[in-house]
Each structure stands twice: as structure tokens, then as C-alpha cells.
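Input: a single structure, listed below in C-alpha cells.
Here the chain labels run A, B, C and D in written order, and each chain numbers its own residues starting at 1.
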Amino acid sequence: MKCFLRSLTLLVGLFFYASSHAADALPTLTTPDDVGPVIEQPIEFPHFRHAGDAKDGGMQINCMYCHTYARRSMVAGIPPIQKCIGCHQSIESVRDKPRIQKLFEYWDAKKAIPWKKVHDLPDFVRFNHERHIQRFYFQQDRPYQEVCGYCHGNVKAMTVAQRQKPITMGWCASCHQKDHLVSANSSKTGHGPNDCFTCHK
Amino acid sequence: MSVSNLLENWSEFRHTHPVDDKGYPDWEAYPSDIKWAMAIDLDACTGCNACSVACYAENNLPVVGKEKYSHGQAMHWMRIERYWDENDSGFQADQGARFLPMMCQQCEAAPCETVCPVGATNHTEDGLNSQIYNRCIGSRYCSANCPYKVRYFNWYNYPEQENAWPAPLNQQLNPDLTVRTKGVMEKCTFCKQRTYTARNNAKTEGRPVQDSDVQTACQEACPTGAITFGNLHNPESQVAKQWQSQQVDLIKDVQEKDEKEGNRLRGYRILEELRPYPSVMYLERVRESAV
Amino acid sequence: MTENDFNRRDFLKVLGWGGAAVALSGCGNTSIQDGQETVTSYVTLPSFVVPSISNYFNSTCAQCDAGCNIMGRVREGRVLKAEGNPNSPINRGRMCGLGQSGVQAHYNPDRVREPLLRTGDKGETLTWDKALGLISEKLNGTKGAEIAFVTGGMSGHVQALLGNYMDALGSKNHFSYEAISPAVLRAANKKAYGMSMPRYRIDKAKVVVSFGADFLGAWISPVHFSQQYAQFRKGTRPEGRGVLVQIEPKMTLTGANADRWIAVRPGTEGVLALGIINVLGKAGISIPADIAAVSKEYTAERTSKETDVSAEQIEKLAALLKERTPSLVLAGSAAEGYAHGSQNAAAIALLNRVLGNVGKTVEASASVPFPQIAPTVGNRSSLNALNDGLAAGKYKVVFSYGVNPVFSAPASMKFKDNFAKADFKVAFAHYMDETALAADLILPLDSAMEDWATVVPEYMAAPEGAGSNAYAQMSFRQPMMEKVFPDTRGVGDILLALLKQRKADEYKPFDDFYSYLRNAVLKNKVALGGKAGDDDEVFWNETLSKGIVPFKGIAGSVSAKASAAGLKLPAAADADPSYPLRLIPAVSASMRDGRNANEPWLQESPDPLTTSVWDSWVEINPKTAAKLGIVEGDIVEIASRSGSIKTQAYLFPGIHPDAVSVPVGYGHDAMGRYARGVGANVFGMLDAVYDKETGELALNETSVKISKTGQRVIIVKEEGPAGGSQAGKQKIAVQVSADKVDLSKEV
Amino acid sequence: MGKDIREDIAWAQINKDVLKSLESPRKLYWVIIVIALLVFSVGIGCEVYQYNTGMGVANMDNPHVWGLYIASFIFWIGMSHSGTLLSAILHLMHADWRKPIYRFAEAMTTFSLLTAGLFVAVHLGRLWQVYYALPYPSERWVWPNFQSPLLWDAMAIFTYLSSSILFLYIGSIPDLAICRDNIHQGWRKKLYTLLALGWEGTDRQWRNFRVTYLTIACFLIPLAVSVHSIVASDFAMSQQPGWHVTSFPPYFVAGALYSGCAAIITLFIILRYVFRVEEYMTLPILKKTVRLTFAIAMVWTYLNCIEFASVWYSHDQVAKDVLIQKATGPYAPFWWAMIFCGSVVPFAMMVKKWQTNIPVMFAVSLLLNLGMWLERWMIVAPTFAHGYYPWTWDHDQWPSLIQWGIVFGSFGWFTLLFMVFCKIVPSVSMYEVKEMVYHRSLAKKKEEQAVKEELAVKGAN
């Protein structure tokens, strides 16, 4: 009997110890990528061409040149076709490429492009692009590619954007629990809100 | 997430109340510089229901229809109560009726918060009593324990099965907050989506939130301006001035002025003696006796 | 960028595409569904549109005739909510529940979606071209005198266009009809003060005595008066907190907020007013001789006997009025709905003169210098004229727009039958309401949030300050989003198209009503507050963005010469024993005359006093009910000489024992899913008794008897069976006597 | 009064009698099974409808957010207590009369707990998210709220349930072995072989068995008390008038034992008839049970009075109002019925003649159960009807047929489980009855010996 009890205690203890460590190791800021599905878009937009590094043949356009609302609104927004046309009407060299032709078709028909959502959050979640951009891009002065990349992954290397991070609650919370510098030239740190109501609506 | 994190985490997700077990208020422990609060002047309130309709419009409240209304399943986060004066022979109407707009009082020590088995309702740092719809499993314990009975349960699947917003009425739905489905509790949030936006904008501009930043939907609609809403921590805010001038203290369960003889102030909080420390102050309705 | 001349019309067209994203039920969906939803995207987007941030467009509320200025909150191409325009002198950023529900009229699933032609009992859809062609066909060979157009109260450029159309048809038969209108008041005011709609200054009065004017609920411009009321109740204003006394047989929302609610015997309001004058005279107020001659016989005792108000109460009231000036005496619909309604109103107006309120709390308002857009007010006597004409077979083609006389005319008028006598009836309709159902051709209208219009309010509120007596304003109503249903049309567009049938050349320059309106406004740029040198485009855009166009009106003046000449109040008649009770059709703030009954928020927002929803009811004094053996929830039959209805009984302390009250606006048998079959229509059973001077239907002159049917229901209402009791002495809705609090130091 | 178990009954006879009950019960057994199935399917139908449509079909509203489900939940939890009382407490007290009946009482404990658990599921608005209430290290970094009495409840009940099942099972092992040895083919043989865990009845096995059984019994007693105290905390920890009562935990425990004992009487009477075990479930045992029940009834009545009294002499006006409402308001008929059934009817058990009168006791036990069910309902509902806030006062909301249907169905579910169990596992503990018979015969022999010796002594003198 004694023997039985002893081994039971030991087993239970082992279970808790092991599970505690196993769980501890899980979510961190640099999670292994959790790649989302490949999504077919109406136009196969080459992100790498626009935002990619120069060495890869990209033009290093700031993400927020097109996704211009990210710094002043909850949503980053898809640029209106107007924006694409604004540049492309004067870029004759690629005018006859099928993707560009498609773009002009939409423009001529005055029809918005039905882009599919790549990073879709459930409707009860409120994610604010503005706050994150303000915090990391403007206050901490981090490079925009890094800041956007926290959640969107390495978009500058993609053609059609694909989800690279899990974007689950635990994943969000793992970063919110970390201390981050308040601004570039301050040693003060703070972490993201852990108030349920801030992100849940 | 380890088991060793359990307790630490748990204490974090329940914010400290300024009124805790110490028996005296601890404002130092208050986690932010915002405490949303309200004041409602019952002398100005005419009971016209504009606030309630505005709430329907702002907060995606379903219209339940006659049959369900008859079962008491209406979803009005803000309800207008009508009371009569009474004497021995029954209701008296010669001084009119008394109206009371009643919504979640956003208690500082809310009875609903402690009892939720999953922590779907808890206190936010800006002093709201939050309701996380997706966390709710529908035990309804919060409502059972609410002294004001201002929590509303989704008895049915209003958006889908009950078709509460037949197209194109659904286009009116506010995208700033979700449409609740069956089986979750909901209640007034002091227009969380609006306070959120106000705080967000103020933060971007690097300044504190001011009165002009935010109005709740009911306050905005109120034809007589009976509702005041704002940050109680900001002494410049209208609501703080009102609370102050009425000598109503958020963290007391008995106001000093009520103990004094000859109190000529009319601010009070409902069911204050139960010590939930509600965030809504009402101002007594005044009636002239000379006529 | 590429399109610099970006105007609002195009903006609405390109903004959202194929319906924008709708908030979905969120709680069931815990998983992320990448690639399932579509992003809201745009072709072009003006810089002021930022996704997730709302834009506000100024417009004007169309839910009632007060003309409150509103802002539509627009997100992703959808209007979400109406909010008050803070710059409006009328509603000052506030709104009532009725106004809030305007979005539900806009998105209503029961709107008429395409033109319909009735053949026999069946309807068929047809194109606009065919519909308009049909009208043209029917009008050919029809004399102008055979064409009638019935509308509600109208103003602005739609009215101007309608006027032009009627001229083009050679018809003078424009009938402006309102089921509930202050027509008697207008006439009485004209006589007493020299203008039909002076400005009332509740906010300046120390005492307001209101004879049945429900200014917080459904009287003239309730949101504006609520603003004034809020001022009036402030202890911090120089006059101190005001005292409101409401005198009426059935408690209205205003009565519920009164310091003293006095239940007067129905119809004796004028007597009471004269009684008060009599007592005031005795108390030393100087009474002009003509008034004294009339009032002298109304001693406190006699008045008390006739009105059922105690002499003590009359004296108290007189003392208060004498002590606290200025005061304001209002005459409202409850006092006017009698055969002697005009007399009542005149007697009440005398009080203002006696108390010296005219010019202080009854102020002059401005009139509009442009007669084409100045408001045409509706009343019921015009319906009588139309009905007589229809009965005589005078009209062959009848247009109706914005009114529902088939629903709101008393059955004794036989309006429906007479309406059927016309050969061709065209209804400009929002819903398939009773009148649209009786019409031959139904033209679907844009909602007020899709349409262009200008509105000039009848009650001209003005901002504080100099020149306010010459202040006038025109408000814009403009589209806030793309049409919900693509095949509806604005009333202006329809009228323009019809006009083009008659005068193609004159209206050729105008593609649509928008261009007509723009042209008309820009033509009068200077008169509307612009400078001659202003750029048209800039002026137009600024005007639209403000939504309010103030302009200089013709300053009026009020005369304090209300005369008692010819004033004769009938002695209270003994009740007919077979119809012992007086029926008071109640106008509630949300239901009004029933035109908005299909908006679910209004149906579900409880009546403030009875807290009843989704049904009509009859209010009975508990004493009367006890006599008749009626308890709450009994289905009773209310029968008048002209008809009867059945509805549920509600025992209500706020009603005179000699009266019963049923709300109007319920009892539609058409209109839509939320209105149909809800409650009973009290309009139908009204006796055809008219005010002797104005010919207005005397709403309160119907005598009824009540009998139980034996059925009983549980009333669907917000209050519990405890009936709003606060027993248990808990501090819930606390009331305090004015002398127990110090209001002067409040913030 | 009937005969008690014969001391000279042969052990083989015991085996034979009890095993026979597993094979050929009376026809009534099948009738009961069919009825239980029907009743249960009514409940299932109602629940499926409610699950798909929403809780609204149960006719609950604000403020009546809880209804019969919670009342029935407490009722079934309460019912589970007497199993523990009979098997654990009386085991420790060496009351040997419990032996023929403790097995089914213990089964009752387990199955009523399972039924109670059903009500938690039925009651939740979003049953499909119930795992949120489980304390597991989740990806979301959130935990359930350990402050909530509801969570304590869940934990307590789960612990109690698992311990009860363990207790029931361990106690049945020797009997399962007997079954295994006496049945020669079919699925039963396989089942018993599996469940008997290779029991051979060796001395060492018996010794270990005794220790284990005793340990669990000791563990179970505080657990039982705590479970119902915690259920009481659901109410006592809240702020509502009529619930916020300090004496609720003991009151609930007493109520639980009370209703459990009443249920034992009911089932005792049914079982002894259906399974033809009149030989073992004898009237003297019934008499003892009835007396025990009466004692508990008096304790409950006392605590009930204490509760009223403490409300009465406190200055809590609102709580007082609730009490007055209970006695005079719309719930009055039910409340007085509860007083009648719970505090008046038990006096019938004082009548000696009736203590062993089967029909009378059957009726009485049903009434007691009804009373105890009403008691739970009278705790839950009137507080909602007359809480702190006057606007919601006196607004009655009666349960809909759907709600009644589910409550009704739960009785079918319980009966079904219980009856099937009794058909598979011997409802009379064979080895304990043997023990009892053995001890009694020993005692008798001793007594006879003593008499003999006395006589011998006398004779010698």
C-alpha cells in the first residue's frame, strides 16, 4: 500500500513537472512559422517586386505607401485601384504584362478588385494597426519591414501574400506579455495591454 | 504557459479593484488614469426613450418581437423605467411619473465579475466591467448575481435563426462591435468602441482623453442632455465636476453628505449600500411643491 | 489623383462595390478563415475616407416635420446611424428615438422596390419608362381641374417643383394633408399674436403652463423644445429652476414630467384658462376690459365645477403665475381637438397677454422670403376638401405622396370608397401602405437617406443672439450612400421627369433633380448667405457639408393684442348616457400618426408611460375601470357612434375618469411585417365633428362606451406586474421637493 | 413486521438468490425500462430542440435566468448523498443492517451525480464551449476564474463522482468475482471476468481490499459534505436576497441526506419487488432506514426554521421581503407544499405500524422527494422574482413545457441507468450479506452459548 501511494505521488509529480516544462517552452515571440493556406487572388500581386530588397530585384517601397491607412486607422486597408494606376499609367515598360492589363481592365470598368482576405481575424477581435505602427515604427523607430513582419511575416519575399504567423490569441498574448522599450531613446519598458476588452469586441 | 504561471496569470487577468479587501480604498492601486463614469440628471430626463433607441442603433441590439418581449426577453441594454408616486390608495399621477434610465452601472466591485466561471466578465483598467462575448459559456451566473438586473442574455440566435435583421436591415449593423449569437450574455459597455477610439486617438496625439473626445450613444442622443459621461479621474471633466459638486465619492458605500443633517445635494447611487461601487451617479428628480 | 473633379454623386457610386461587408455574428466563429472573406476595396477613394473611420454627412431628418438637422454616420459605404448636427439651432446635436429610427426606414426590408401597376387584384412590375409613360397617357386629355395631388406638409425645392408641375398641368388641386397637425393652433396664434408659428421660449420662462401641449413628446418640434426644457430645468440659470404645470385629461410625456399634472375634464381647458384669469384679476393683476368681461363669470367655484379642478388648485396656480414672471402658457392638441377647439386656444392665448408674456416668452419668428420653398403646412380640412371632390367624382387622376389618408381618415368619411372613384391613382410610396394598396400605379421612392431635397421647417428655431427674429434656414437633405434598392427614385427626380413630359424645353438643362437643385441654389447664392464672387463649386460644397443654409428672413413681430372678442365657451354638456366616456386619441412620440410604424425599433421601444410595446391599448382610469369591472389585460370593445375597435385595457392613473385614451398610429393592415396587424386603428372610429372655425377634425370629440369582450391577455410591456412600484423604500428613482435642494450651485 | 434475514441461510443460497435476480426479474422490470426509455427520449427531444434554438425556449428571461435546471441540479446532487451515508458513514460505524442495501444506494449516488452533471450541460447557453471552464494550460494563456463558486462546484462534483465510481466499483469486486464464477458463457462472463480483476478471494486480496475500501470510505465522507456545501456556496456566496445566507451549507447537506434517504426508501421498495429480493431487503431494514430518514427530516426542518428565523430577526428588509413573497406570492402554493411535504409528512414515519407498511412508506417517500425537489426550486426561483431591484419584481416566469420535459427526462435517464446497473451488478452485496449472516450467527451462537453456560452454571448450582 505504502509502495503504491509512493509511486502514485511520484507519478503525479512527474506529470505536473513535465507538463509545466513542456507548456513553458511553447509560445514565444519568434514562433516557428505557421503558414496559412495559399490564396488565389484576382491579380497575382508581386509583393517581392514592390517591397522586396533591391538585391532581389525589388523596389523597396514602404509598406505604408500602399497600405496607407495602417498608421492612422484600425485597418491597414487595401489601396484603391487609383493608387496602382497612379504609378502604373506612367510605367510603360510593364504595361503589356498580363497582370497589369488585368489591373487596367478593372480600372476601365470602374470595378473594385475583389481581393481576398489573407489575414482574417474573427469578428469578435479588434486589432488596431495604428497602435502597433505607432508603437514600433514611430516610437521605437524600428524598420517598417520588421514591424509589419512581426505579424505578417516576410511579405517582401512573397508574391501573393500568405499568412506566416499563427495569429491566434496565445500568439498575440505571447508578445503582449513581453517587455518592450517604450521608445527608441528611452530605457523604460512596458508591455501590451492584457485587458480582454481591449482586443475583444 | 506553464502550470507554474497559473496563479501569476490569473491574478493579472483580474485587475485590482481600487476597493479591495483591505476595507479602505486604494487609489494608488488603480491601474490607469482613466475611470469612465456617468451622471444622469433625473430632473432633466423626460423618459422619451431616445437614448434607448440610440443604443439599439449603436450596439447592434436585436429587436426580439412581441412574442419574445412578452417573455421578458427584450435586449434593451438601456431601459427606461417608469415609477409612480404611491400613497395608500395606489399610484398617484399628479406629479407626473418618475423615469429612470437603467443600464449597466459598471460597478467597481462588481458582483457579476467574481462569479463568472470562465472569467468572461472582468474589470478593465479604465474602470469598465467588460463582457467578453466569445469567452462566455452562458452559465448566466453573472446575471443571477447582478443587483440591477441589467445583463441581457441571448436566449435565441437572433442574427441567424431569428432573422432579427432581415436584409437589408443588416447593413445598418455597426462593424465596430460584433453581433452576439445565442447563448452569450451581453450588457451596456459604456460604448466601448467609442471610448476605445477616443483613447486611441488621444494616445496617438500624445495627450490625455478629454470630454470632447467621446460621447456615448445615449448621451449623444439625449434631447435634454441629461446624461454626462467622461473620465472621473480628470478633474476638468464635466462628470468629475458633477460628482464632486454632489459630494458623491466613487469609493464609499455611504456618502458623508447623506449622514449630515440638512443635506441639500441630490446626487445618489442606486443600491450603493450593497457595496458594488457603481460608476453611475443619478441626480434626484426635483418637484416644486408650491403648486 | 486622376479624377480631380470628384463630386459627391460619383463618390457614392464608386465607393463601395456590390454591398459592403456587414458585421457578422462573431461568437460562433472561433477559427480564422483566411481567404474566405473579401476585403472591402475601392476603385478610387477621396482622401477623407479612411477605412474603419466614420465619415459624417449632414442632412435633414425626415421622420417628422420638425426638420431636425442630422449627421449620417457613414462607414465603408453604408450609413450606420443618424446623429444630431451640433450646429443646428433646432436640435443642437440631439435626436429623438423617432429620428434615430430613420435608418430603419432607409434599410427597411418592406420598401417598395420597383414600380407596380395594379390590374384588378393583381400587381405587375413595370419599368420606369413605362410607368411614367402611363401617367403621361392618363393625363392626356384630362383637364387640370380633374387632377389632384395630395401630399403631406411640404417645403423646399421639391415643393417648388411640385408647384411648377401643378401649374404645368393647370391644376390648383394641391392638398396638403397631415393626420395630426397643429392647424387649430396656427389659426389661433394668427389671431392672438399675429403669426401662426411664433417662437416659444420655454428656456426663458419661470413657469410653463401647458394646456395639453406635449412639447417633449410629439408637439411641433419636440427635440428643440426638449433642449429648451433642459435649460428651463437648470437651477443655475438666472431665472432659477422652472416650474412646469401640465393641464390635460390624458397624461402625455410632458405631463409625466410636470411639477403638477392637472387632470381637467376633457374640453374645459378654455374655461380653466378664463378661471385662472379671473383669479389673477382678483389677485390684483390688471386685466384688460375685454378680457375681464369674458372672464368675470368664471369664478374659481364655477370653474372648479366645470373643469373638475379644485378651486384651491386654481388659486395656487394663479398665485404662482402672479409671483413668477415671465411665464409661458401653451395651448396644445389636447385643448384643441374639440368643436370649440379654436375658442379654447383663444382663451388660453389670453392668459399670455394677461401675464405679459407676449414678446418675452412668445417671440416673433421670421417668415421665409421665398414663397416657392416656404413650408406649406398640412391639415385635415384639406382632406375634407379632397374627399368631397372625390365623392363628387370631380377628380380623375389623383397623385399621393407621403401621406396615408386611407389609413388615417375616419371611416365616416368613406375616403377609401371615394378614392376608388378616381380613374387613375398614383401613389409615390415608400411602403405598400393602405393608400398605395388602393392606388393603381405605385412609384417606389428613395429613402430620405438616398434622396436630395431641401427642407424649410415650419417652426423656425433660431440661434441665440441679435437678429434672431429675422433668422430663417433651409436644410439640405442629401444622399449618404448608394441606393439600397437600385430601382427606386427620388421624388424630385420623378417630378422632374413628369415635368419634362409637359415642358420638355424648360427643363432640358436638368439631367436630374440634383442638377435642378444645384442650379436653383446657386442662382440664389447671395440670398442664401453666399457672396456674389464665390466660386459656385466651393459654395455648393460648403453648403452641402454644413447641411444648413441660414438666410435672412422677413422679421416678424408679435402683437400682444389677443382679443376676447367673440369668445364664447360652451358650457360643459352632460355626457350622453349611452356613450359616457370621451375618447382621446393619443399621439405618442414614437408612433405619431403611424407613418413610421414599420420601423422595428419604434415598435419595440416601450411607450414611456404605459411601457407597452407591439400593440395598442386603451388607458382607463382605475376608478372608471373598477366601475366597469375591467382589469388590466381585458380585451374591451370601444364603440363610438361611428365605429368600434377592440383592444387591451390598461389601468392608468394619468387619465381623467371621464376619458379613455387609445394611441394612434397602430392598426395597419398593410405597410410591412413590423406594422401589419399590430394593434387597432383608432382613426377609423372617430366621429366626424369639426372645429367650428378651422374645419379641422376635432380629434377628442368622440364619445364612446366600453364593454368587456370576456377575453383577457397579458399586456406585453416593460414594467412588471408590480406596476412600477418602488415599495421597499429603496433609493431607486428618487424625487425631492424643490425647497429641499440647492440647485443654484450645481455644475 | 416482517422477518429479518435468517441467520442460518446458506451462503450458496445467498449466491443463488442474488444471482437469480440478475437473470429473471419480474415483468415490472421491463415495464420500468420501457417507461424510462420513453421518458428519457422526451427529455432528449426537448434538449435537442433547446440546443438548436436557444435557451429561450425554456422560457427563461431577465431576471429569471435560472430555472428548473439549477433546481433539479441541486436535487440530483442532493440525492447522491445518502449513498455515501449508507455505505461510508454506516460502514465506519459498523451498522450491519446497511449491508444488503448499500450497493444500490451507492449506485444511486453515482447515477444521480451523472444526472446532475447532465443538468450542467442542459443549463449552459453555450455547451459547445464548456471546455473554457476546464483548467488546462491553453494556448490562450487564460484560465478559468477560480473565484467563481461555479468552478468550485464543477471540481467538487467531478472529484466526488470519480471517487463514488471508484468506491462503487471496488466494493463490487468480490461480488463480480462470484458472478464470474457462477455464469458460464456469453458476454456477461467476459464482462465479469474483466471487471473482477482476477479476484480469487485469497487472504492477501481480502486484506488489501479491506484497507482500500476503508481508505476510500474515509476519503468520501468529507468529500460528500464539501460537495453540497459548495453547491450551497453557489447561492450563499452570491449577493442576492434569499441566497446570501450563512447557514446554507449545513442546510443543503441536511437537505441532501434527507432527499437521498427518501429516495433510498423508494428504490428499496421497488427493488425488493422487482428483483424478488424480499428475503434480503427485509422490513426491519426498511424500518431502520425510515427511522434514520425521520431523524434527518427533523434536522432539516430545524435548519429550515433557523434560516427563516435568521432572516426574520436580521434587519435585511429585502431578504425578509423575499421570504414573505415565498409564503404569500405566486410561489406560495409550491412553498407551502414544500413545507407540508418536507416537514409534516415525515411525521407519518413516527407511526410504528406504518414504518413497515410498504404502500404507505412508498407514498411517503415519494412525497418527501417531491418536497425536497420543491425546496430546491423554492430556493432558486423566488429570489429572481423579488430581488433587490424593484423594476423586476413580481414578474413571474413559469417554466415552459420544454423545461419541464427536460426535467422529466432526467428521471427517465436516472431510472434507466439504475435499472440497467441492477441487472448487471448484483444490487445486494453478496459477500457482505454473508458476512452479516456469519457475524449474526456467530453472535447468536455466542448468545446461545452464553445462555447455555448460564443454564449450565445455574444447573451446576
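By definition in this document, a residue touches a chain if its C-beta (ideal position, glycine included) is under 8 Å from a C-beta of that chain, and two chains touch if they have at least 3 such contacts.
Per UniProt, the chains are B = Tetrathionate reductase subunit B.
Just so it is clear, the structure is predicted and the values come from calculations on it, not from any experiment.
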Request  = Average the CA atoms of each chain to get its centre, and name the chain whose centre is farthest from that of chain C.
outcome  = D
Ask   = chain C to chain D: how many Å between their CA centres?
value = 66
Task = For chain B and chain D, let me know how many angstrom lie between their CA-based centres, rounded off.
result = 43
Inquiry  = Suppose each chain is reduced to the average of its Cα coordinates; what separation in Å results between chain B and chain C?
reply    = 32
Approximate Å spacing (C-alpha centroids) for the pair chain A, chain D = 56
Remark   = Contacts with two or more other chains occur in chain B at residues 1-3, 5, 13, 79, 81, 83, 119, 122, 133-136, 157, 177-179, 183-184, 271
Task = Provide the list of chain A residues touching at least two other chains, using ranges where the numbers run on.
result = 19-20, 23, 26-27, 72, 122-124, 168, 170, 201
Ask   = Could you say which residues in chain C touch two or more other chains, in rising order?
value = 23-27, 30, 52, 719, 724-727, 730, 732
Query = Based on which chains are in contact, what kind of graph results: line, ring, star, complete or other?
reply = complete
Note = Per the touch rule above, chain B residues touching chain C in the complex are 42-44, 46-50, 52-54, 56-58, 60, 63-66, 69-70, 74, 76, 79-86, 90-100, 133-134, 136, 157, 159-160, 166-175, 177-181, 183-184, 217, 220-226, 238, 241-242, 245-246, 264-266, 268, 270-272, 282, 284-291
Key: chain C residues within the chain B interface of the complex   = 19-28, 30, 52, 75-76, 78-84, 91, 93-97, 99-101, 103-104, 107-109, 216-217, 222-223, 226-227, 229-230, 233, 235, 241, 243, 245-246, 251, 253-263, 316-317, 320, 484-485, 589-590, 600-606, 608-609, 611, 613-615, 622, 653-654, 673, 678, 714, 716, 718-719, 723-727, 730-743, 745-747
Query = For the complex, which residues does chain D have touching chain B?
reply = 53-56, 59-66, 123-127, 129-130, 132-133, 135, 137-139, 141-151, 154, 234, 237-240, 384, 387-392, 395, 397
Sites on chain C touched by chain D in the complex = 27, 719-722, 724-730, 732
Note = As the complex stands, chain A meets chain C at residues 36-37, 39-40, 69, 72-75, 77-78, 80-83, 85-86, 89, 106-107, 110-124, 163, 167-168, 201
